[in-house]
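Pasting the structures in now, so scroll down.
Heads up, the next two complexes both have chain A, just with different partners, chain B and then chain C.
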Partner chain A sequence: MIHPFNKKPEKKTAILIVGSEGVGKHALALDMLKTEHPFELNIRTAGCLPLPAEKAADRPRLDFICFVIDITKPDSFKIVKESLQHMDISYCLGKACLVVSKVKNSHRSTPLESIHDLANRLSLQVVFGDLEDETERLHVARRLVSTLHLSAGLQCSGSAPTLVNCVIDFAVQTDIHTAE
Partner chain B sequence: MSLKKKNPLNDAVCYLVSADSKLKIKGNEALHKSLEVIERTATSSGLSPEQILQLVDVAASGKQAETVSKKLIKLLIPATKVPEVAVLKAISWICTNRPSMTIQCLLVRWIIVVYDYIDGRDRLHGLYGLLFRFLHFHSMLPYMCQLLYFLTRREDVKLYRVRQLLELQKNLGSQPYLTGLLLIYKHYQPGLLSVVINRKYKSFFPTYDRKWSAMVRLIQEKSNPLERSQNDTVLERLQPKLDTSSMAAARKRRKLDSIPDIQSSASMADFVKGGLSKLNLLDGTVPFIHISTFGKLLESIDKIEFPNQMGAVLKSRLLQHVISYSSDKVADTRFQFWLQATLHEVLLDYPLENGPEYTTRLLRSLKSFLDFLQEGIPVLDAVLSSYICQWNGLDNRCLIFKLLTRCRLHQFSDFRESILNPLGKLFFTSSVYFKCQTIQALTDMLQNQVAVERLHHEELESYQTSGQSESNKNKPMSVLFWEEDGEEDFKTVDFVREFVQFVSQLCLVALQCGKSHPLLEHCILNFLEMASVLHKCYQVPFVVFPPASLFVWLLFSSNPYTVSRLCSVISRFKFVFQSLKIQQSTGQLGGRNDSFESVTEVNKTILCLINALWRCKAFDHSEETRQMEELSFSPELVDPRIGVDCDAMLSAYHHQAFSCFTYKFIKENTFGIKHPTEIKVCKREFLGYLERHSLKGLNEFVNSVIIRTKPSTTK
Partner chain C sequence: MEADFLKRYIGKCKTSDILSVLKKWSFLSSSDISHLESSETIKGPKRNLVGFIADICSKRDNFNIEAVGELDLLCLQIKPSKCIWSCYQLEESNDEDEAFDPIQLKQKLRKHLGLYFDPRSSVSTILHNGAVWMKLFISQPRNQKYQAPRSVYLIHYPHTPLILMTGHRASIREFLFQVLLNCFNCKKLSEMKLTGRHVDSLVELALNRWCQGDFSKFRYEQVQRRPLSEILPRKRKVDESEEELDPNITCENEGMKKRRKEMLDKVFGTNTQPVLEKVDFKVQVRFKDTKNLGIADPDVPITCQVKFEGPSVIEGICNLGRCGMAKLPLPPHLTRITSLAKNHFVLADKGELDSKRKNN
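So, the complex of A and B:
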């Protein structure tokens, strides 16, 4: 089980990209390093969770987990779903997201509804973009870096819960506001 | 003669045609080989009309084994067009009841898939009564309904057919395909059907073979080379040609875009035979294909018949004129059906297969049609709301935002659920430029909804409340896409109020995360300006005041133009409230005074801004401003070493945004001032100085507030 708060924070922010083989994790990681980021970035990738226990001590604190789903591969969604069980629930407070790749492909093996459903249940943010297409991948990388910037607590204006509030519960929030 | 060329395809077709009895499947090398040859040709370049004609006989006769027939029907992919005779043959085979039910269904599905490519439909339409009888076969019902939906003309709608359809609906329950067919009947003859038709279905024909038809279209594009003279006018196409290549040429456009060309072989033949005048005598209508100029359109303005290809509206400006004045419900239903199917395919189901240029072209012509029409299309809103949930925020961004601007008015809760919330999700994690574009799009949307859609909504509302009996007299004239009993019941005021609240919340979060980006502030101020001029420019009888926190946040900006524009926005709001008050006192508002609930908040905001910028009392906690939570912090917390009076820190000449102007003002030294604090004695002159540097807002604001309130405060 990985936990966002069981280790001391470091100067470097660490992000973990989880996804089955061949979804483009490494290309995405390289693009993230290419984009401008005003902080030190440490990217790790994994095929699935849980991570091996013996190396747990060497691992930095993981500030953000990004799950990549290839919508054309049936396994991809299953692996992500199983991996989610090995992640502490506090990651759902704006410290994790789903990246859905190849949504424009017509041979979908996972219906979009089930992805939206999963995301809603766990309050996860969903980012769409084809990781095989260069411009789209760079776009996804930029969005991830800016999300990480906020959720790792490096911006004075907000933190991870801000993200959850804005992305997931914005509708609810405005309801309360107008009710007042 | 074809045998001489040693064409394997012809051999294969001949082999199948010449087989008299049922061919063995197992171990029959010749059969497998010929099927393979046909499959290869069909899926790469399509089959010629003659081959289709021959193979329909083989496949539909039921002579061969079921698997062979099935495969053959699936492979009947036309390279250019399908001869009408082939379709007629298929139907006559269905009538013999020799092929099995599955094959019969498959044949009907094939006709639907190739419907667009049939070279004539008049003889097929002649079989309408016969096809209608097939509705009794339950397994064929969904497909037959769709085929009839395509074929139905006004003269086909008869009372006995309506009765049969209603009987079927009674037995089977409400089915989408029956509803679809009934709806087209109702549009043709509203007098015959008094039932209320349920429009809950997203698509009337979920059984439609999308993959198959995508495949057919792909082959059509492949087999027809790209080049085609672009300046091919309607008149040129009308020229009688001996060969049939003109039809094929029209198809070639499909490669370039998904919008069909207008074509009609029946009317073309009539034209060749007897000319326009004879046609007029026959049934009193003029097919659109004979209309080539605006003058001709005016001549026969009341007699124009819409072409079969409703999608051509997007391409032909003349047809756009026709559809915009016509009150033909059938035409707009057909157009919406086409639009929904096409957009679904292009945006949601097969975006990759269609290619980005294709999509862009379609969206662009759709946008120009919407600009022409000045009205949103309900189907478009529905498709966009599904698309936006899976949008990557990159593809066709400008066009998508432009189309979103043209949204119709909906109940706000639905609108937020379907459009605003998905947009918000993209908004928060995107770059500041995306945020700016979104806010700009929402500003345009507000303008469109107040200036255009509000009037449409009011017209529809008054039409519905006026009662249906005398409805023919004052049908909504300015609205094209509307439904009987289809409009939701809500007030524009509520929509605008909640919309402004929502966008203000978005702006606040954007400001919080964006570290006061100048472009972002510019877009937010554009939005606030739009909200403040709604009453003045579009005669809206109400005003919505955005949350005060947004104003206070912008007050702390370090951009002088932001603060200046903020001041002019707030003074504009003040004028709007004043003029509304005058209108209310003269009874022009008709007893509506929802707007005045926010009057105290406006006053508080004005007081807060003037205290901060002018009176050097930024953190003064008097009665009136006590509730301005945003500015209520205790000045004791500030480090005394700063040496400036806290309350004066936000005054015009101490404000961080104006510091460069303060510096220059002192440098120019017309008043012998050495330190910013001394500007206090010549504040008015400083405002004049700012105004000379195009920062008019502050002066405007101070003049509008101070002069009028001074007598009352000194009292």
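So, the complex of A and C:
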């Protein structure tokens, strides 16, 4: 079970990207390193949680967890849902987010409603961006880096729990549509 | 008539290859070739060039269908994947340790072909890379004009029981087999269920059956000759997919990926796999699922056919394992494809196969 506060903070911030194989985690990590970051960045990628126990001692404190879902593959959402059970709930206070890839694809194996439902329950931020497209991936990378900057506590203006207030409640959105 | 055939065969080649093919062909002398090179037509359109070559050849005395057949074989050697080749095995041979004579083989083939087919049928042979490439042109007495494939191409490696054959009509099949059995002095020609377009891979699978997968490293001499010495380091084939090793990015599942790669290397080896375009499974198995019992009768075997098609099926299966899309360890009917030297498999329950064999 990964916990945000069970280890001492280090100079380098660490972000964990969780997603099924082939979704684009490594490419996203490379893009994140390309963006300008005024702090030191350490990126870890994993196929699913729980993480292998052998390396638990070497692992740094994880400041942010990013779950990547490929909406065209049925396994992707299932893996993320199962992995969320192995994460401590304190990550949901602004230290975790969902990235949904390939939304523009007409073939979807998971309906968007189930993703919204999950995001609402855990008040997670959802970022939409195709990780196979260079510009969109770069945009997602920049957004993740700035979110990490805030949730790792390196910015004076805010801290991780303030991000919870910025999360869009999808239930409200759908109400607006039905009202129109 | 021979000129028409010649034009047709050369016309199929690419313009850049034509000159090299003509140089290999023993029919034209070097003066003819230099005359051709210096002429203007070589830069012009292909049709003119082909016509020019046909003119030069028809003026020669010994311009016959056999020489044209040799040219056709040379054109085929450039791109053997134009035809679909199937492998056959010569069994129960009476020859023992006789030296192989290609000229004698050609004469024998011509003689036996004349017995079963029209006497105007011809045989052309060429030696290439340790094998004999043969073209049997079976002419039809009725029509005089050129007709689409009446030729059967054969590849034989001397002193091995392997023959590769291209497609032929069912009507001539029996006679053709009899001709081959007489020529090679064997009693039986059995079909190995191995077909494909890539000749080198087919030959490798058929002849090196016991040296596939992980054992291919012995064939390519990738094993250290003196394992106890510390001098020569082991040369490994460089991994094709080496991701950018950034020190800031670490993968948590590195251990699992390594284990997966080790398992696959143990089964398939690190060398490139032989190219097969199609792998066919005919499945005749009984329904075995214990949960959904209502779907099918567990006593009656279900027949279905599963085809894997692609530019290189075995490499694809290996990649599926590498990406994590296939659960490892892979089932034996996929891992043993290379060592069984077959494309077309029948998967049946054990009892069924035994009873079928007994009935036969």
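Everything below uses one rule, namely that the second predicted complex is superposed on the first by the 167 of 180 C-alpha atoms of A that agree within 3 Å, B and C clash if a C-alpha of one lies under 4 Å from a C-alpha of the other, contacts with A are read in each partner's own complex, and residues count from 1 in each chain.
Criterion: contacts are C-beta pairs under 8 Å (C-beta built on N, C-alpha and C of every residue); 3 or more make two chains touch, one makes a residue touch a chain.
Predicted model, so just to flag it, every value in this text is computed and none were measured.
Model built by superposing both complexes on chain A: chain B and chain C fit together without a clash. With both structures placed on the common chain, the touch criterion links A:90 to neither chain B nor chain C. Applying the stated contact rule after C-alpha superposition, one finds that A:51 touches chain C and leaves chain B untouched. With both structures placed on the common chain, the touch criterion links A:150 to chain B but leaves chain C unconnected. Annotation for chain A, partner touching more residues between chain B and chain C: B. Judged by the touch definition given at the top, the superposed model places A:120 against neither chain B nor chain C. Of the two partner chains, chain B is the only one touched by A:158; chain C is not.
In the superposed model, A:6 lies in contact with neither chain B nor chain C. When both complexes are overlaid on chain A, the residue A:135 reaches chain B alone and has no touch with chain C. In the superposition on chain A, A:109 contacts neither chain B nor chain C. Annotation: superposed on chain A, chain B and chain C show a minimal Cα-Cα gap of 16 Å. Those residues of chain A lying in contact with chain C across their complex are 16, 21-22, 26, 29-30, 33, 41-47, 51-52, 54-55. Only residues 100, 103-106, 112, 116, 125-130, 135-136, 139-140, 142-143, 146-147, 150, 155, 157-158, 162-163, 166-167, 170-171, 173-174, 177-178 of chain A touch chain B when the two sit together in their complex. Remark: chain C residues 243-244, 246, 248-253, 255-256, 323-325 touch chain A in the complex.
Contacts from chain B toward chain A in the complex involve residues 349-353, 389-394, 416-417, 421, 424-425, 428-431, 498, 501-502, 505, 509, 512-513, 515, 547.
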